[in-house]
Amino acid sequence: MANLDTIEKTKEMSTTAKAGSAPSRAPRVAVAGVSGYAGGELARLLLRHPGMDGSAPIFLGRARETAADTATTIESIHPQLAMIGTKATHLVEPFHWDRLSEAGTEILFLALPHEQSREWAPEAIERGIRVVDLSGAWRLQDESNRAVYKLHDANPALAAKLQDEAVYGCPELHRDEIRTARLVANPGCYSTSVILALRPLVRAGIVDLDCGIICDAKSGVSGAGKAPTSKTHFMYAADNLSAYSVFGHRHTGELLEQLCLTADQIQFTPHLLPIPRGILSTIYLRLKHAMKPAEIEHLFREFYQGSPLVRLHATPQLPQIQHVVRTNFCDLGFALAEDGKRLVVVSCLDNLLKGAAGQAVQNMNVMCGWKEEEGLL
Amino acid sequence: MANLDTIEKTKEMSTTAKAGSAPSRAPRVAVAGVSGYAGGELARLLLRHPGMDGSAPIFLGRARETAADTATTIESIHPQLAMIGTKATHLVEPFHWDRLSEAGTEILFLALPHEQSREWAPEAIERGIRVVDLSGAWRLQDESNRAVYKLHDANPALAAKLQDEAVYGCPELHRDEIRTARLVANPGCYSTSVILALRPLVRAGIVDLDCGIICDAKSGVSGAGKAPTSKTHFMYAADNLSAYSVFGHRHTGELLEQLCLTADQIQFTPHLLPIPRGILSTIYLRLKHAMKPAEIEHLFREFYQGSPLVRLHATPQLPQIQHVVRTNFCDLGFALAEDGKRLVVVSCLDNLLKGAAGQAVQNMNVMCGWKEEEGLL
Amino acid sequence: MANLDTIEKTKEMSTTAKAGSAPSRAPRVAVAGVSGYAGGELARLLLRHPGMDGSAPIFLGRARETAADTATTIESIHPQLAMIGTKATHLVEPFHWDRLSEAGTEILFLALPHEQSREWAPEAIERGIRVVDLSGAWRLQDESNRAVYKLHDANPALAAKLQDEAVYGCPELHRDEIRTARLVANPGCYSTSVILALRPLVRAGIVDLDCGIICDAKSGVSGAGKAPTSKTHFMYAADNLSAYSVFGHRHTGELLEQLCLTADQIQFTPHLLPIPRGILSTIYLRLKHAMKPAEIEHLFREFYQGSPLVRLHATPQLPQIQHVVRTNFCDLGFALAEDGKRLVVVSCLDNLLKGAAGQAVQNMNVMCGWKEEEGLL
Amino acid sequence: MANLDTIEKTKEMSTTAKAGSAPSRAPRVAVAGVSGYAGGELARLLLRHPGMDGSAPIFLGRARETAADTATTIESIHPQLAMIGTKATHLVEPFHWDRLSEAGTEILFLALPHEQSREWAPEAIERGIRVVDLSGAWRLQDESNRAVYKLHDANPALAAKLQDEAVYGCPELHRDEIRTARLVANPGCYSTSVILALRPLVRAGIVDLDCGIICDAKSGVSGAGKAPTSKTHFMYAADNLSAYSVFGHRHTGELLEQLCLTADQIQFTPHLLPIPRGILSTIYLRLKHAMKPAEIEHLFREFYQGSPLVRLHATPQLPQIQHVVRTNFCDLGFALAEDGKRLVVVSCLDNLLKGAAGQAVQNMNVMCGWKEEEGLL
């Protein structure tokens, strides 16, 4: 288990790293949990990442020291990745801390269940390894929001300390903190789509919060994970649409924290779409004062200037899921009623890319001082 | 062209008919426009309708007196309907008024573009034929709402008179008027899903209209019609979701009129789902005073008592598109926030059945004094 | 357990029944295993069956005498069936032999795993109940073909006797035997599509069997059953196509037995289609002598004269899955090469209807002396 | 119009080019017809191609000198490509020969209807521009096979000459000829999947051709092109499967020529799958003599040694469409019956990539003396 002292020390190291310019060499990177959908996409992105040349990422399974201890390959888990990219190895090894140490791993992606991430992230950081965690384990600062994950910390003081320094890994909002972070909590897929749509508006103070913001979100089935369940059965999902977790989805806490809203100021309803991937969020809000479309557009453009992975559609064009699937972009568009007050914002992204693995690599790029979009266009 | 006198006379006749009990014989029925999706479903329902035994419906094309004048068959247009039902004939004939007169047609379904319906409905009524019109031509009483259809009337006075007596064909709301109506304007598919979800609540006066009602609706592709366009191309619709006609969909007028709301009290956004059929509307509203789920449920149950084609899900269960596809039901469910004020209503139906052909047959059943659900369960 | 004597007796009874004309009353029917896809369709068909008026079918679960012993409803398992049909009850009760006896059950549908069917069918027949079994347990006469099911019989002699009298429930081939059968083995979905396509040709002796018949079949996902597995996961099946069980699918035995072919004369390859339901089989064969399309068509028409649930497409039109989904038909069509020798037959059906529940009801109709297509058009 | 003399001269130039090693700079490339599906994929591949750095491809529309003559952008046609890649420009210009000349275009991709390709390819070659043509215009050497395209040549002698030197652009078969070719006829999507599956076997002389080879192929809807038709309507293609062009598909000629077979030795049946992209071909054949799986596998491995874009599955694993979609690979696998004689080969590829744009870029790579897989992994 990590202790507070070693944690302090690694922190200094990563702060130093920050000062430097683009590194002359690729970081030594590992991924724990490549078997899931996000893990597979992460492997694909890293195998093709131009910055990773000469430094093969290490792929690890979910289980710590398996009985068998035998390695497998990426393509035996994700056949579509066979011979993908130009990296030498496609090996997937059982998880060992020693393996990471020997390899001098600098950045570790955790694509694991949140309980496991909550346990492993501290240990990684103690070992001087920076972490990008794709689970919900570290995203929420407010303990009451975090309660939904039912997390249990072996070392609560340490966990609290790490939680405190964990950075919400949305580069468009927290680019500077991510640069030097030891623990980056990669955002939820739904949350990313809603936060990127709302942050410029809420921050500008133009939203009438009395009526509440309505977020009607729709996601493809990969968001439900790889485990076969009655809800991920083809016969349930195909030719269907269903709302779920009304008033109770666990991504809601991220919206509250990142947008600085209270629970009755924003309402989030997810739906399960009969498609493999992609999220479209339709967001309804009222403005305090009548505005013109050009003013709204200007506000978005200004906010996302310098954010290469957000694309803004000129009104009246709206993004669609098809535009973003298999890309690392979040697309935004909007429609303003004639009264200049009722605004509909539409936000789209690929839940496995900008909503998970793509954003994780974007965070890695920022952590390495590289161009944010490197390997993601 | 019809004139006001003959119109008056037919009206008396149908009022007389009303007094009677269930007719001892099947009505003589015809369908104009069987080639579209709604027309095909109408044919299927009529061919299987137990009340129609011994009285084959007449199927007619869209074109008046075609050059060729040759008959075709239902199955050459809709191969899946070959040998369906137990009726003798599956013939589709070119449209002739004489053919209808000879056959003594009593009820004519118009599954036609709205311009054509606006022209043909008066002529049918003049000839003493009652009309169930599936287009948008006669649904809207308010001329400004109707403007979206750009209708042109050859005889404006007559059209105005018929418009005045046209009944909005939602049996759950207007059962009594439909019974004797000469012109029934079958509701829009989206409108049906929203109106059935909201009418009990709005009528009870419990909705806080200041914040506005948000209707986020999603429909399968059959709602876009049979014409091949870039939007109905498989490559556009599949694996996709897109919002369209934001602040401008032509079903909005029906919501305003049937729910007695103003344009800033309700907002409607349709989306195109990558499925053949089905609509799910997620409706967001705030209540004036905090209520309990049981009170909401009671309100719905009371309103739809005696309405066999509305199914209410007990909270917290919500309807899904899969539950209603290929049925003639509208399914309703809801979720109430802990504050007892924020309410989400989910409404589902099959856009071609309860949203079109099924509701048309339901109207026919009412017009004939039969059980409303006859042939529809 | 049933013994041979009582079995003999029931047999006599059902032979007597055969002589009679159409029964004046509905049979007392029960379904064991309504929770699966075929079971749900069976429930739907029986609830709507006009011949069943006044005689509610009994729906039973899969488990014998459950601990809880509490009844549930059809709609809690299949929400889309809520309020479907005009029958009084939608109750699903735990399985009890006593319940069946008290109700005087005459026909029992078994929609169960084959091991369970192999155990329960003898017991039902001993109790004087005729059985329509939807599993693969009783379809194969040849023990070596049956080996694929790894069946274990508690009473091998009895099982052998029943197996001997079991009738392969394809009414188009065995109508007369089905009429009086005590045990009807409802055919496999794939098998039905291939057998109906080939039987008229093979029986006519026109097929050159030296080159072998190739059956390339494609099925929707419902054919894989309701259990969530990695293969029925939406992410596996959607936007995909995969061949499976090449040279080893267990429906092959039915083809051999019903078409009187040897294993090297016919080859069967199934594929998993990314659709909920429907089978299309493309069948390739060579004719001994050159023929004309009209001769082939005549041969089919003659064979299926009097078979209301087989629809033949006039060449060059070919059936499609969309034409048969949600119908009880098997559609056939063919293309003949210019040489008059190479023939492609295309066969389509809905795997849950003509391939399972629909054919089961068709068998019931035949067993009751009713019109074969009653309740199925 | 091109004449034979200038054609001769350009030929020499490109033969010279052949001798050289990998060029030190990117070729000047243009694409005519970027608006279709293959054109869009071609744009995507070129915008991301590492070898193209510093040399923006020129994108041109289909129409020669449009009236408007105004340029548009890739993203206005293919919104998903907005900001894709790292190239400076996404402009799409009207087609002008002068534009190509000024730019010093060396390789021109034609993603056009075959009539237009038949007209433009000679002109390009006359101007010293090498052509990769994605249509069917130049693939077939045998005039009777080519008849299906109903081509009309303004200058038949020239066309015949060019046809004669045109190379069938399947690098796995004709790598050497492609290297120096002036006119590369990019193969059909279906043809690629079948030819790559069969060539190693047929060439080895192990196939019993008397019984004929059966190719049962299934393709996603993008293969049908971007024009909205009744067959590409979502309602036609979704939840459906249909065979078409039985005994008459125009890709058949490519199979005959590239596999040196006669029309009665191979039979090809395409089907329309309800998915956006991907082809799976199931191919049935008999071997002259019994073989072992390892022998078949060895034969494939040997043939495709040095072919980086063909992936072979070790038996009994078979490729699936999902494995190849959005990749530039053709995946092969097979199953051999116990008799060692009946062989089923399964071949998968993405019809827009290895079946069109990906193979076109592969050809460009070969023509440039680059690694065949450059930009394609």
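A few comments on the model shown:
We call the chains A, B, C and D, going by the order they appear; numbering starts again at 1 in every chain.
The criterion applied here is as follows: a contact is a pair of C-beta atoms (placed from the backbone, for glycine too) under 8 Å apart; a residue touches a chain by one contact, two chains touch by 3 or more.
Keep in mind it's a predicted model, so treat the numbers as computed, not measured.
Averaging C-alpha coordinates per chain and comparing to subunit C, the farthest chain turns out to be A.
By number of C-beta pairs in contact, C-D leads when B-D and C-D are compared.
Separating the centre of subunit C from that of subunit D, both taken as means of CA atoms, is a distance of 44 Å. Subunit B and subunit C have Cα centroids lying 38 Å from one another. For the pair subunit B and subunit D, the distance between C-alpha centroids works out to 49 Å.
Multi-chain contact residues of subunit D (touching two or more other chains): 236, 239, 274-276, 320, 322, 325.
Residues of subunit B that touch subunit D in their complex: 37, 221-222, 226, 228-230, 232-239, 274-276. The part of subunit D that touches subunit A in the complex is made up of residues 48, 50, 79-80, 82-86, 239, 308, 311, 319-320, 322-327, 329, 377.
If you check the complex, the residues on subunit D that touch subunit C are 210-212, 214, 216, 218, 236, 239-244, 246-247, 264, 267, 269, 271, 273-276, 278, 280, 282, 284, 286, 316, 318, 320-322, 325, 335, 337-339, 342, 344, 346.
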